[in-house]
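Please read through the structure below; I'll follow up with questions.
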Amino acid sequence: MAEYQASKDEKELEINDLASLEPLVKARMEPGAFGYIQGGAETEWTMRENTAAFDHAQIVPRVLRNLENPDLHTKLWDMELNTPMIDAPAAAHGLLHINGESETAEAMADEGSIMSISTYANERVADIAKAGHGGPQFFQLYMSNDNGFNHWILDQAVASGVKAIILTADASLGGYREADVKTGFSFPLPMVNLADYSASDNSGEGLNIMEIYAKAKRTLSLADIDAIASYTKLPVIVKGIQSPDDAMLAIGAGAKGIWVSNHGGRQLDGGPASFDVLPVIAKAVNHEVPIIFDSGIRRGEHAFKALASGADLVAFARPLFYGLNLGGVAGVRSVMQHFNHELQITMQLAGTKTIDEVKHNQLMWRQVY
Amino acid sequence: MAEYQASKDEKELEINDLASLEPLVKARMEPGAFGYIQGGAETEWTMRENTAAFDHAQIVPRVLRNLENPDLHTKLWDMELNTPMIDAPAAAHGLLHINGESETAEAMADEGSIMSISTYANERVADIAKAGHGGPQFFQLYMSNDNGFNHWILDQAVASGVKAIILTADASLGGYREADVKTGFSFPLPMVNLADYSASDNSGEGLNIMEIYAKAKRTLSLADIDAIASYTKLPVIVKGIQSPDDAMLAIGAGAKGIWVSNHGGRQLDGGPASFDVLPVIAKAVNHEVPIIFDSGIRRGEHAFKALASGADLVAFARPLFYGLNLGGVAGVRSVMQHFNHELQITMQLAGTKTIDEVKHNQLMWRQVY
Amino acid sequence: MAEYQASKDEKELEINDLASLEPLVKARMEPGAFGYIQGGAETEWTMRENTAAFDHAQIVPRVLRNLENPDLHTKLWDMELNTPMIDAPAAAHGLLHINGESETAEAMADEGSIMSISTYANERVADIAKAGHGGPQFFQLYMSNDNGFNHWILDQAVASGVKAIILTADASLGGYREADVKTGFSFPLPMVNLADYSASDNSGEGLNIMEIYAKAKRTLSLADIDAIASYTKLPVIVKGIQSPDDAMLAIGAGAKGIWVSNHGGRQLDGGPASFDVLPVIAKAVNHEVPIIFDSGIRRGEHAFKALASGADLVAFARPLFYGLNLGGVAGVRSVMQHFNHELQITMQLAGTKTIDEVKHNQLMWRQVY
Amino acid sequence: MAEYQASKDEKELEINDLASLEPLVKARMEPGAFGYIQGGAETEWTMRENTAAFDHAQIVPRVLRNLENPDLHTKLWDMELNTPMIDAPAAAHGLLHINGESETAEAMADEGSIMSISTYANERVADIAKAGHGGPQFFQLYMSNDNGFNHWILDQAVASGVKAIILTADASLGGYREADVKTGFSFPLPMVNLADYSASDNSGEGLNIMEIYAKAKRTLSLADIDAIASYTKLPVIVKGIQSPDDAMLAIGAGAKGIWVSNHGGRQLDGGPASFDVLPVIAKAVNHEVPIIFDSGIRRGEHAFKALASGADLVAFARPLFYGLNLGGVAGVRSVMQHFNHELQITMQLAGTKTIDEVKHNQLMWRQVY
């Protein structure tokens, strides 16, 4: 692991608000690595809009509804979850903490939520799965242009007991991340799942984001959904959907879940905020399969608004990363607990006792589009 | 009262505009106490939007209407009022002035307006009522999960001659006020009505806002309206309404008044500005019961716009608090007189001679929602 | 004239843009007097919006229209004018220049435009008229609650040959100008027309704006239109119209012109930008009488947009004041010439050869209201 | 060429983003010349809005479309182009680089794109054409009020083999560029095509923009289209169209192409962003002739959005100017390659393989107009 110094901290965090974590992390991390984690594509308009767009709709509070202790429990298929907020897949947890994905996985399992394991993890899939001690996990596939690799890594995911495969549909190449070009960031740590499969020079260590993506399959297609499903016998969730047409096409091609996301504003700049496209996608999907939503969620209020706009689960990565960096397993748990706390307050004050009631809440939308 | 030093000032204020009072008060008060008074929930988006939203509608001035000396007199039920602007209920006037609620009550009575007494006052209900020397008063009930307390405090309110009970519907728990967490604010003064009822450690002194709300009834319901009305034989006004459905449900359950408010942005963040929901609520209520409006009013112009959008009375607390802090009884009166002055100028220039004419004025609304 | 030192400068100005004049004038004038000239009512929202609202509509340029030397000539009734841009009535030109209204009048006549003489001028109506050497003039009446004064001053206006009487409808009292209260501004110069009529202590000298307006007729009514018309045998233009209903009522009551204005944002704050109400008023008036427009015009582009939205003439006062202060007669002429120059460029580039063609141009309006 | 020192640099540029080039150029150039290149008319509202308006519409990314290596090749009439992004005509390349238009022409030809030669070039048409070594070129005519000049310069353009004549319709006079007035900018270099035609004092050297335009034909008309077409036997593209009516009139008068442009915000200020009028013009034109679009494009994303809104080709000048200044031929090529690179990334991530597919992409438009 050369000279890169990741955090070794293990501690609970006192969190006032999640936005205040980012400057703390920025002050501790190597600028290039922090920039890679925090930044987005090109002008970062879409990245900024992702969070700003939650102000495009307001929650109309309902009162006198005989309500206490709002219940965050929910289900995805037959999985019981303590919260509708889950871990969004993200590469390279090792940049944040010396123990990388294992600590995130342990924390998410502790919290009764879902861990998403990225192809570009810094730890082996089996090790991450083991650290998750029985909690539900997804495996996120970045398809390679070498189908042998795809089979090899999916074999490991299946063997590790993941509940679903996330097909990353919005990253047929890497978004143009100008900040990373400016800092000259390259990955200081190996992506061990790449390294295990092939020669050591293929681990990603020392490569920049463009070079990593050079191995990605560009010609992703609807046929990949069924190919993965048939090979793994697992449900495939298509991640990176921003249009209702693509949602319906993916379902028609065998997708068992739709993940509405613009990759946190890290891929296509100039696209809409993910929240702004959610309602129309949800209307098209019409509960045929579950919808998971990410991109821009930084508060319990945002999670509420996404759930009220058609999401069945919501996900985020950067806030968990900041918890991981500042406090390891306990830090990730602190972030999850803070999100849960904010969502519960919002639910109580909005007059919604269950996640199902949140989903039936009618937001008051501004005239933007 | 330990070491907390509240203002003892008694003087008339020269007020140029109400916005200029806030920095004066900030400079005098203990930061935690000031933050509690001034602040809102979470990001304070809703709090800021409450005032900003008055720019969503404009007053189209009417001219040559043979008008002078616009008349602020109005009525609520059979109460004659000198002004449509009243005191919004708020806890802990003692933070602002050593004589607390008594001075606010005296001033509101002097001005021919209504004083609202909070459950969380720093003075006894009977003492506040007495200080109000015959002026009309409301009692604002924060329901406890101990119904004995509810009856005990309502008995006092009835005995003190209040004209109505305000049921606080939007505070089944305390909003998440990050500023208070940051300052570590806890109430430095006892809430004597709590203390009188039970053991001294229950007074609220030394507790933070979350701890105070721990005693609140979370399971507020429509049935509470009739329970309070039956017990007190007084009209019940439901405060904290932001949706037309809740307004109609409350009226159906026996409410004799609807108080449109989002608690000054101190409860649910991410909700709409109170002004933005007023017209649709007013349309639903359709004059069946009176509507009182608060949240964000800082000028006579705002009061005019709220009255023109369906409110029968408007209320505010922070501006009166600032008057109380800077000048006691005379300070509160100065604030009321300044509001009256601004509203009269607005009425004259808008071509509206009476409050009834203000209510029939048609604002010019922007396309926001 | 006591100690107040007004400008004595007489010179042509090199004007790059009108916005750049304001800081030059500010640096020369006594702060209270400058604040009175420059400022608006209350928060000055309406004042700022007056100019900002010109960005609510865009001019779609038309090309290849065989056009050169756009012609600014236009008519009002039977008056031939060199330009559709005229002087808006304003009090106290003496604050800007030692020779006051006479210099403005001379310059406006030189430029073939209209001078508007205010009741609150610092010079006698006859003297101003004489300085205007035959150019068309209006007299702006601020009605007094002493009808003897109204007749006396109208007699002078008629004797001086003015072409119309402007009835100031939007100033039944003075707007609440907080800046003037802060600076403690009172008029340092006598309003000689007031002084001539009555005792010297009634001249306005040493009075603030509120005190001046104490003598104003508050009960302005539609009947005043005919009363003035009958007394003077002159057309009456009602100034301060912001609603189509008032425009139609005024015409019904005998108005021969409608002056759409919100007094430059100096009266009712919280009202719409004058430009935003112009189209709907113009639609109602439907060419029955001419429409004059003011409030916020600071560029030829703004004049074009107002003309294209229903105005027959446009007016402004502050820009002329700045010219008067910086250069006397020549300064006012420089301002007029700069406005003419900007309007001609805009007309040429928009593909409009005449003022009539400008009036038929269709702006592209944003969705604001 | 007197004392003006233009760049002599010849080098490839490392470009992170095009916005970062402007400050580099500003730091190298004489302020007046830089201001002339960079600035716009009057308040520069339209200039700023040109770029800002690209945020009025978002690209909804499509995924799983079996796509790689998006293809930028396209055609205009029978010309094969490597990219849909071409050089917009602009005067005085000599201000940027000592070799002026020749280097731009060479670079555009190298990149398989189109060079537009301006009447106001600093080099002879024939020399520029020669430098373009066979690449397609347009000649942009600023019509003179001396028709002899028009014929003389068109003869040269035809002799040089240009593919079309661009009739500059939006510059019957020069926009009012306040910045140039402030800097006192006058052209330090001769416009050799003017000088060749007539006496040396007519070259433009030492003249300001207003003086240059004094020779322009103001009475441009639809008849000029056919006159030019008949004289040259070349297709005429009308540049400066912002209204659908003008587009249809131009086509009716013989235009073989419509160039939607507001001259980069340098002519009429207060007009709409060029991007905001593109869709309605495209709808009117309905593919009858090709549409070229310019004004505000600074990223591949902008080019994508313009193509998706009805443009067949897009053009820009300032970014190429900056490349020319910083690196000569290689610098211009670097800029083109960077644009191509950004557009390709956007196409891949948006799920569009060809320029034709881009044109069928449906943007998500905000409610602005």
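All chains are identified by letter, namely A, B, C and D, in their written order; residue positions are counted from 1 within each chain.
To be clear about the criterion, a residue touches a chain if its C-beta (ideal position, glycine included) is under 8 Å from a C-beta of that chain, and two chains touch if they have at least 3 such contacts.
Predicted, not measured: the structure shown is a model, and the values here were computed from it.
For the pair chain A and chain B, there is no chain touching both partners. In the Cα superposition of chain C onto chain D, the rotation angle, rounded to steps of 5, is 90 degrees. Mostly differing positions are employed by chain B and chain C in their mutual contact, as under half of the interface residue numbers are shared between these two copies. Rounded to whole angstrom units, the spacing between the C-alpha centres of chain B and chain C is 43.
Mean C-alpha positions place chain A and chain C at a centre distance of 61 Å. Among the residues of chain A, those touching two or more other chains are numbered 367. If you sketch which chains touch which, the chains form one closed loop in which each chain touches exactly two neighbours. Every residue of chain C that touches chain B in the complex is listed here, in rising order: 42-43, 45-46, 169-170, 172-173, 175-176, 178, 181-182, 218-225, 238, 240-243, 245-246, 249-250, 253, 262, 267-272, 276-277, 367-369. Against chain A, the residues of chain D that register as touching in their complex are 16-17, 54-55, 58-69, 299, 301, 304-305, 341-342, 345-346, 348-350, 364-367.
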